[in-house]
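Two complexes, one shared chain (subunit A), two partners (subunit B, subunit C).
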Partner chain A sequence: MSNIKLYLLFFKTYLKVKSEYRFSFFMDLFSQFSTFAITYLSIWILFGRFKDINGWNFYEVVFLYNINLFSYGLAGLFFFNPLRFLEEMIHSGEFDCLMHKPMSVFMHLICRRFNQSYLGYLILGIIVFRFCMDKLNIIWTVANVIWFIIVMAGAFLIQASIIIISGTTGFWLTRSASVTETIVHRFRSFITYPVSIYNTFVQILLTFVIPYAFVNYYPGIYFLDREDSSLFSPYFQYLTPVVGIVLMILAMGFWRIGMNRYQSTGS
Partner chain B sequence: MSIIKVENLTKQFKRTKRKKGFFGAIKTLFSNEYEIKTAVHDVSFSVEKGEIVGYIGPNGAGKSTTIKTLVGILVPTSGNAEVKGIIPYQSRIENARNIGVVFGQRTQLWWDIPVVDSINLMRHMYKIQDALFEENMKIFSQVLGIDEFINTPVRQLSLGQRMRADLCVSLLHSPDILYLDEPTIGLDVVVKENIRNFIKKINKEMGTTIVLTTHDMDDIEMLCHRLIVIDKGHLMYDGDMGSLKAKYGSNERLTIITEKSDVDLKGLLALGVSEFKYNGIKADIQYETDKINAMGILEWMMQRCRVKDFSIHQVNIEEVIRKMYRELDERSKMMK
Partner chain C sequence: MKAYIEIIRNSFLTGITYRVNTLLRIFGAVVSLLVQISLWYVLFQSKPDATSHIGAIKLSEMVTYTIVSTLTHIIISNQVIMRLDNKIKTGQIAMDLIKPMSLKAILGSEMIGTTLYNVIFRSLPILLIGIFLFSFQFSGWLNLAFFIIALFNAAVIFFELSYIVGLTGFWYTTVWHMGRVLDNAIRVFGGSFIPLWFFPESLYHISMFLPFRFIYYTPILIYIGKVDMKGVIEIILQQWVWIAILIIIEKVIWKFGIKKLVIQGG
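== the complex of A and B ==
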């Protein structure tokens, strides 16, 4: 609990400091904002030529992408920078400085670095979500709203776990940053579009190996009422929170193994 | 009661042979090729409360490995370590409350944010009481001059300022023990002096036990009551400075400038001179103080030629250590 309080204090301090440089703060937000605005634009251009992709219309694809972007933005805000630079911190010895403090090393790591530009993703996600909500046939009953929040939490856990797992390889690999970049950026770009458009191999990969499909595709089936599009099992549309929790437990276990290795090898 | 106890500490590293490149990295992950390196071999020592101990040795001697074990970063292969009754690698967090650590070449401060905010975060991390916090900050701003740069982000600090800030945050919670890993590396003379004075003051006024590793011989000479020398993982010497000097440092050096002459200095060797160099004008003479003194040599020279000038160089700890390292090296070569 005191860790969380400390994190909030760090968060506040960091934002205070960053916002003192107002221009660069907003430029950071804006640059991230525009990068992903371009992705929306490319989806829009694509739909200018094709009416639908594998039966999914423009707004549905944007809805899927939105869940991806929002959950990624939230996970990245906390986890991307610390884990992406873990390898570097180990090599520079900065990691040792986390270990002589009376605090969980993982929490301390998360407290060390922060990337405010991910706030741009969140803002963009909210704006676009508001804009496409009316075009979708989702009836927002109380139950649906609650389920949507749970799904978002699950999606956040999946995104966070994958960042943590790929970053934690830094305990073994000297170039883990490229692993993180490859998985988190390249693999995740698959779920910009509905997973059903890919061949079986990619579907298996995104469902069972790096389960990004549970971030947006499977829950999307439920919200957009597209049971006809389910892959493997119709139950998968409800599994996002479970996958998130299981993956986070795995990620924490993997972190533990990495830490044990570090404590016995010191490198 | 010893505050630090190290018993038969051994640390071996099992290293996979690394391969280069992305695919090499993946291969490394699955490879079974190991090499075992013993960083620390059967080292035992203890430190009493309030001591300042210099833990020294050449690069790769095992200094950092020992410190890291005491801090709780590394788990020893065998043997054990105890700090204030706590086993650091089993209760890392509990141990962390009793210690302060400064690694000279890296910072524990938050890179992007001003020093004052880093201090504030540490204050909460250690849950430091207001009274203690204010008292300590008063001392630190007086002695370390923290106020000058307290609102500057860490990344904009000079190395000296950063070191002062690092010392400040590692002592905020009034730890019993302070580990300093090369605290004066890369600093200019004035800042070095400043930091040494601060370390002395902390030791004297707060009773903080200090273990420091360094390559700077002035650090040792000015700070340490006691030296522990380690080389290739083996403990080589543990004792006070005086006995180390007596054991390895009975040498002195005398430089004499003469008018041009062709005196053969070989005659000096019989009197206790161990080495000499003479080019007809400048003579560099090393001798053992228990056999002959500078006056004896000067008299000998003055009988044979006109001496214009001379100077005596006291042994300093640097030469003592260098000599010790050299002897260690020769001994290990002979063993082979």
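== the complex of A and C ==
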């Protein structure tokens, strides 16, 4: 509880700083907004020429992408900047400052940086969810709504864990920022489209190694009530929350190993 | 001149220093190739070719388009916007302005160094992967020769556009936002992912009035051999016209901007 209170305190200070540069704040949102708007535009252009992508129609593909975007936006809001700049903080010695405060180092790291530009993802995500809800044949029973929220929480945990794990490599590598960017930006682009379009190797990679497929593809099979055209067990469509929790435990373990290894650059 | 060669050498060497970075970027490029090519395979699954503004398109042409587009992206990329953003924020631009060298030539030399590095260490591996893994098609020496001319022009156009966007930093000190918007505009209207031949009528017409298609779409048309000799000459001439227009815009912006420039700190 006290952690949440503390986060809000940090957040308030952060907003005060940002309100000094109001134009910049809105441009942060707008530039992120434009990036994802063009992804939707690209999908729309493709569907103008082709009827479906491996049997998935326009709204289904948008729905899948939107789960990815929204859960990533939520995870990025809190975790992207702290972990992306961990490497830099270790080099400059700034990381040492985190270690002699009466709170957990990880918590403090998360509190110090916030990335408002990710709010752009969330706003766009909500608009697009609203827009494709009517076109999809999902029956929103109470159970389905609750399950959807649980799945989103699981997807959030998966996205957050992957950001944390790739950022934590900064304790070992000098250029961990490019690891984070390669995995989070490039590798994640696999799940812009249904995972079933890729060859077996990529599907195994996305299921067992870097399990992005659990963010949107497997839950999508459940909600859109599709024949599972992928290689694996039909039970996989229910596993998103489990994968999320397990991955988060692994991520925190990895962080602890990194912390134990940490030696200050001592400047 | 000697100073500029030194800058080229330096930015080439900077690239080489970060080997892990190079590997990661190659890996990233392979991922995005794999995503796009898998997508085209699935889209062409049930039919031999797709209709477009310039006639039927075959899957093999689409795969080649994607690989050439990825190579183009690697070769023409520059850090002009990021560098200007940094120079304006830190006030280093004041030092650059009092040097007996032109700011634009400094940035241009840096780009040449980076491009040399990119051609050797990033685009060659991708080309090899394209040939062995994705059946990349070689479409003749004549096409290649004209493609290289068009690619050079494309790099100049992209450099000019980046420089113009970078100069807006004279008014508004955070440039990367606009850089992002420029990248997005090029990604759609340049045809770097979806070729303009698949665009709906309205977007196709809009893109005809913009310079972006001369960066990816039209050079790749030349490589694949989708235009005749007359078309090739037309494309290259149009690229020159756009370069001239962009240089004029840049000069005007520079003239007004330099009066506006506020040097921070120093």
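The rule we apply is simple: the second predicted complex is superposed on the first by the 255 of 267 C-alpha atoms of A that agree within 3 Å, B and C clash if a C-alpha of one lies under 4 Å from a C-alpha of the other, contacts with A are read in each partner's own complex, and residues count from 1 in each chain.
Basically, a contact is a pair of C-beta atoms (placed from the backbone, for glycine too) under 8 Å apart; a residue touches a chain by one contact, two chains touch by 3 or more.
Just so you know, these numbers come straight off a predicted model, no measurement behind them.
Student: After the superposition on A, what does A:N137 contact: first (subunit B), second (subunit C), both or neither?
Tutor: A:N137: touches no partner chain.
Student: For A:K101, decide between first (touching subunit B), second (touching subunit C), both and neither.
Tutor: first
Student: In the superposed arrangement, does A:S178 touch subunit B (first), subunit C (second), both or neither?
Tutor: Both partners, subunit B and subunit C.
Student: Mind working out whether A:Y198 is in touch with subunit B, subunit C, both or neither, as first, second, both or neither?
Tutor: A:Y198 contacts subunit C only, not subunit B.
Student: Scan A:D28 for contacts with subunit B and subunit C and give back first, second, both or neither.
Tutor: second
Student: Look at A:F10 in the shared chain and tell me whether it touches subunit B only, subunit C only, both, or neither; answer first, second, both or neither.
Tutor: Once the two structures are laid over each other on A, A:F10 reaches subunit B alone.
Student: Regarding the shared-chain residue A:S92, is it in contact with subunit B (first), subunit C (second), both, or neither?
Tutor: So A:S92 only meets subunit B here.
Student: I'd like to know which partner A:F50 touches here: subunit B for first, subunit C for second, both or neither.
Tutor: In the superposed model, A:F50 contacts subunit C only, not subunit B.
Student: Please work out whether A:F187 is in contact with subunit B alone, subunit C alone, both, or neither, and reply first, second, both or neither.
Tutor: The answer is second: A:F187 touches subunit C but not subunit B.
Student: Starting from the residues of subunit A touching subunit B, keep only those that also touch subunit C in the other complex, and list them.
Tutor: On subunit A, the residues that contact subunit B in one structure and subunit C in the other are 173, 175, 178.
Student: Going by the contact rule at the top, pick out the subunit B residues touching subunit A in the complex.
Tutor: Against subunit A, subunit B makes touches at 13-15, 18, 22, 25, 28-29, 65, 68, 71-75, 89, 92-94, 96-97, 99, 101, 103, 105-108, 110, 112-114, 117, 120-121, 124-127, 153.
Student: List the residues on subunit C that touch subunit A in their complex, please.
Tutor: 18, 20-21, 24-25, 27-28, 31-32, 34-35, 38-39, 41-43, 45, 50-52, 172, 174, 176-178, 180-181, 184, 187-188, 193-194, 198-200, 203
Student: What residues of subunit A sit close enough to touch subunit B in their complex?
Tutor: 2, 5-6, 9-10, 13-14, 16-18, 92-94, 96-97, 99-104, 111-112, 172-175, 178, 263-267
Student: Can you list the subunit A residues touching subunit C in their complex?
Tutor: 23-24, 27-28, 30-31, 34-35, 37-38, 41-42, 45-46, 48-50, 53-54, 173, 175, 178-179, 182, 185-187, 189-190, 192-193, 197-199, 202
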